[in-house]
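Have a look at this one.
By written order: A, B, C, D, E, F, G, H, I, J, K, L, M and N. Residues from 1 in each chain.
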């Protein structure tokens, strides 16, 4: 197992784990926010517009943490600077 | 165990774990949102349309994190750049 | 233990764990949704149709994450590209 | 320990763990749904028919995730393609 | 430790763990369902028949996941195809 | 450590862990059911007969999962087919 | 470390862990049942006899799982068939 | 490290862990029962005698699981048959 | 590392862990009982004597499990029969 | 595996884990805050402006901890001083 | 690493872990008791004397388990019989 | 792997884990505080100023623990005295 | 790695972990007590003096367990008898 | 890896983990206290001064446990006596 294989294996493993672990929190947080939104609409139907607008802004904030994880996972697979270095060295 | 075998083994293991771990959060979050939606409909039947519309938008947001995981798992199995590199080197 | 044995062992192990871990979240989420649906029907029997319709759409969303896991498990057992490659190399 | 022994050992271990881990979620989810159904019947006896019908559909959905696990466990024991390959090679 | 010993050891270990882990979920789920049934009877004694009938059907569903585990454990001890193969090879 | 010692050690370890882990779920489930039964009797003393009868049937269902574990533990200690095989081979 | 030492060490370790782990569930379950019984007596003093009778039967059921563990622990220490076999072989 | 040292080390380790792990459940269970008893006395002072009597019987049941652990720990330290055997052999 | 060093190291490690782990349960259980006692006194000041008396008896029961752990820890440090044996052998 | 490979592998692994683990807390915290905001709007619609303004300031505080993690992950991938040092040494 | 170093390292490690782990339970238990005491005073100010007196006795009981841990940690650092023995042997 | 590589690898790993683990607590704590603040504003709109002022002071306290972690992570990456020492020695 | 290095490494590691783990319980316990104190003042403002006095005594008790941990951590760093012994031996 | 490298690596690792783990408890505890303070102000606005004063004293107590951790982390990085000793020996 040389450096190239090591970096490839670690990149694959970490990219998957990053998005897998990173989706637990946002999914639970969003589920809770959506659930509460539905309860709020049922309680105060006249404010449905304000509630859904606030909900969507809040969901965007929560989703942002999932997107950080997705971005890092994509960087590790498709734009990994460590992999690029070892590739260029192996090809040189 | 050469680099090719290592990358294959890690890709298989991570793709499965990614979607397995990544389905826990969304499933729980969606279950909570659906449950609350049903309670909201029972409490305020006249708002069933608003509630189900908000529910579906929210479920889509939550499902998106599961889809990130599924996309990464599929990339690791069918479009893995590391595997492609080692394959091309092994075939050269 | 050569590459072929390694890939076979990892594929078997991961396919089982994927569906096993991946069934925990959906089962709990669906159980919660079903439980709440029954409570909602008891509370508002006149809306039983709306409730059960919303319930089934929601269950389908939750079930989708379990199905992702099942699909990945089946791919790893019956349509594993890594296994196919090593098989073809071993047979060549 | 050759490939044959490795695949056999992993198949045995994973088939058992799959159904064991995979039965936790469905059992808890079904228990919750059944418990709520009984509470709903006690609260609204006139809707017992609707409630039990919805309950059975819901239980079937939850049970489906346990059945996925059972299917995978059975495949790993009795229709394992990896085992079949190594058997045929060992017998050739 | 040859293949025969490995398969025997793994089969013993997994059969025990399968039924041990697999009994946690059903036991908790059934306990919850039974507890709720008793509360429901106390609340609505006139529906005791409907409640106990629904309870028994539900318990059967929950018990089914424990039975899957028991079946797999028994197969691994008394009808293990991997063990049979190695036995026949050792005896040949 | 030959096969005989390995099988003996694994059988001892697994038989103990099986009944130990397998007693957690039933004990908690039964405790919950009994607790609720007492609350139900206090709430509706006139239905004490129905409640205790339902309780005992339910406890029997929950106890059954503990008994599965006990049976497997006893089989592993006193009627272990793997041990019998290695014994007969060692004695031959 | 020969077979005899291995079996002795495993038997000691497992007997202790069996009763230690196996006492958690029953102790919590019994504590819950006793606590609820006291609450029930405070709520309905006239039914104290029925409540305590039901409590003792229930405690006996819960205690039974602890006793299974104790029995297995005692068997492993004082009537261990594997130890007896290796002893007889060592003494032969 | 010969057999004698191994058995001594395992016996020491297991005896301590047995009583340590085995005291968690009973302590929590008894704490809960005592807490509820105090609440029950505050709610129904006239039944203090019945409550404390039931409490003590219940505590005895819960304590019994802790005593099982203590007995096993003491047996492992002071009346360990495996240690006695190896001692007699070492002294022979 | 000879037997003497092994036994000393294990005895030190286990004595500390025994009392550390063994103090979690009793501390939480006693904290709960004390907390409830204070609530009970606030609710029913006239029964303060009965409540505190029952509290102290209950605390003694809970404390007993911590004392078991302390006794075992002290035995392992100051009256360890295994250590005594190896000491006498080392000194002989 | 030389220093360069080690630093690359560790940097990849840690950057992914940092953002993955670091997104759990903020996602849950933000989900809770958003959910409560929706409930507050439903309860006091006239204060929607104050509530959403406070919500956004609060979300910014919570998001800041996720951003710390993202910054560290980016530093480890793109501006890692340890990697730069070893690169310069390897290139010298 | 001779016996002296082993015993020193284990003693250091265990003394720290003992007091660290052993402080979790008492701190939580005392926090709960204090919290409830404050609620009780707010509810029944006239009984503040009885409440604080009972609180302090209860805190002393809970603190005792932390003190057991502290005593064992101090013994392991400053009055460790195993260390004394090896010291005397090393100095002899 | 020499000292320089070891220190680099450990510094990278620990800096990431420090901020990742250290962001869980503050994020949850701040989320809770913000959520309660919104509920308080909805309940008592006239006190919005006092509430938000207290909220911001409290958030600053909670954020301080996250900042401790961030400071330590930055020190480990950019001002690590151990790394500086080994660098100066390697360069000397 | 000689004894001196081993003792130094273990002392560093344990001193940090001791205060880190040991601060979890007291921080949570104190947070709970403070939170309840604020609720109690809001409910019974006239008793603010009694409440804060009892709070501070209680906090001191809880803080004591954190201080035990801090003391042990300081002893391990600055007054470690094992380190002193090995230092004196290394210097002799 | 000599003593110097070992001590450096352990110091880096432990300093980070100490502040990371040590910030979880205080952050949660402070979050709870702040949240309750806001609820208390909303309930009893006239006591805002007493409440915030008590809050700040309480937060200072909770923060103290985080500061213990920060102090130990700083000592391990910048004033580590073990590192100083090995440095002086390496430089001598």
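To be clear about the criterion, contacts are C-beta pairs under 8 Å (C-beta built on N, C-alpha and C of every residue); 3 or more make two chains touch, one makes a residue touch a chain.
Heads up on the chains, UniProt names are A, B, C, D, E, F, G, H, I, J, K, L, M, N = ATP synthase subunit c.
Here the structure is a predicted model, which is why all the values come from computation and not from measurement.
Q: If you take the chains that touch subunit I (ATP synthase subunit c) and keep only those that also touch subunit N (ATP synthase subunit c), what is left?
A: none
Q: Taking each chain's centre as its mean C-alpha position, how far apart are subunit G (ATP synthase subunit c) and subunit L (ATP synthase subunit c) in Å?
A: Result: the chain centres lie 46 Å from each other.
Q: How many angstrom lie between the centres of subunit D (ATP synthase subunit c) and subunit J (ATP synthase subunit c), each centre taken as the mean Cα position?
A: For subunit D (ATP synthase subunit c) versus subunit J (ATP synthase subunit c), the centre distance works out to 37 Å.
Q: Distance-wise, how many Å sit between the C-alpha centres of subunit A (ATP synthase subunit c) and subunit L (ATP synthase subunit c), to the nearest whole number?
A: 21
Q: Would you mind listing the residues of subunit J (ATP synthase subunit c) that make contact with two or more other chains?
A: 1-2, 11, 13, 15, 17, 19-21, 24-26, 28-33, 35-37, 39, 41, 43, 55, 59, 66, 69, 73
Q: Among line, ring, star, complete and other, which one matches the pattern of chain touches?
A: ring
Q: Going round the ring from subunit M (ATP synthase subunit c) toward subunit N (ATP synthase subunit c), what is the chain order?
A: Cycle of chains, anchored at subunit M (ATP synthase subunit c) and oriented toward subunit N (ATP synthase subunit c): M, N, L, J, A, B, C, D, E, F, G, H, I, K.
Q: Which residues, counting only subunit N (ATP synthase subunit c), touch subunit L (ATP synthase subunit c) once they are in their complex?
A: 1-2, 4-5, 8-9, 11-13, 15-17, 19-21, 23-39, 41-43, 45, 48, 52, 55-56, 59, 63, 66, 69-70, 73, 77-78, 83, 87
Q: Along subunit J (ATP synthase subunit c), where are the residues that touch subunit L (ATP synthase subunit c) in the complex?
A: Per the touch definition, subunit J (ATP synthase subunit c) meets subunit L (ATP synthase subunit c) at residues 1-3, 6-7, 10-11, 13-15, 17-22, 24-26, 28-33, 35-37, 39-41, 43-44, 46-47, 50-51, 54-55, 57-59, 61-62, 64-66, 68-69, 72-73, 75-76, 80-82, 85-86.
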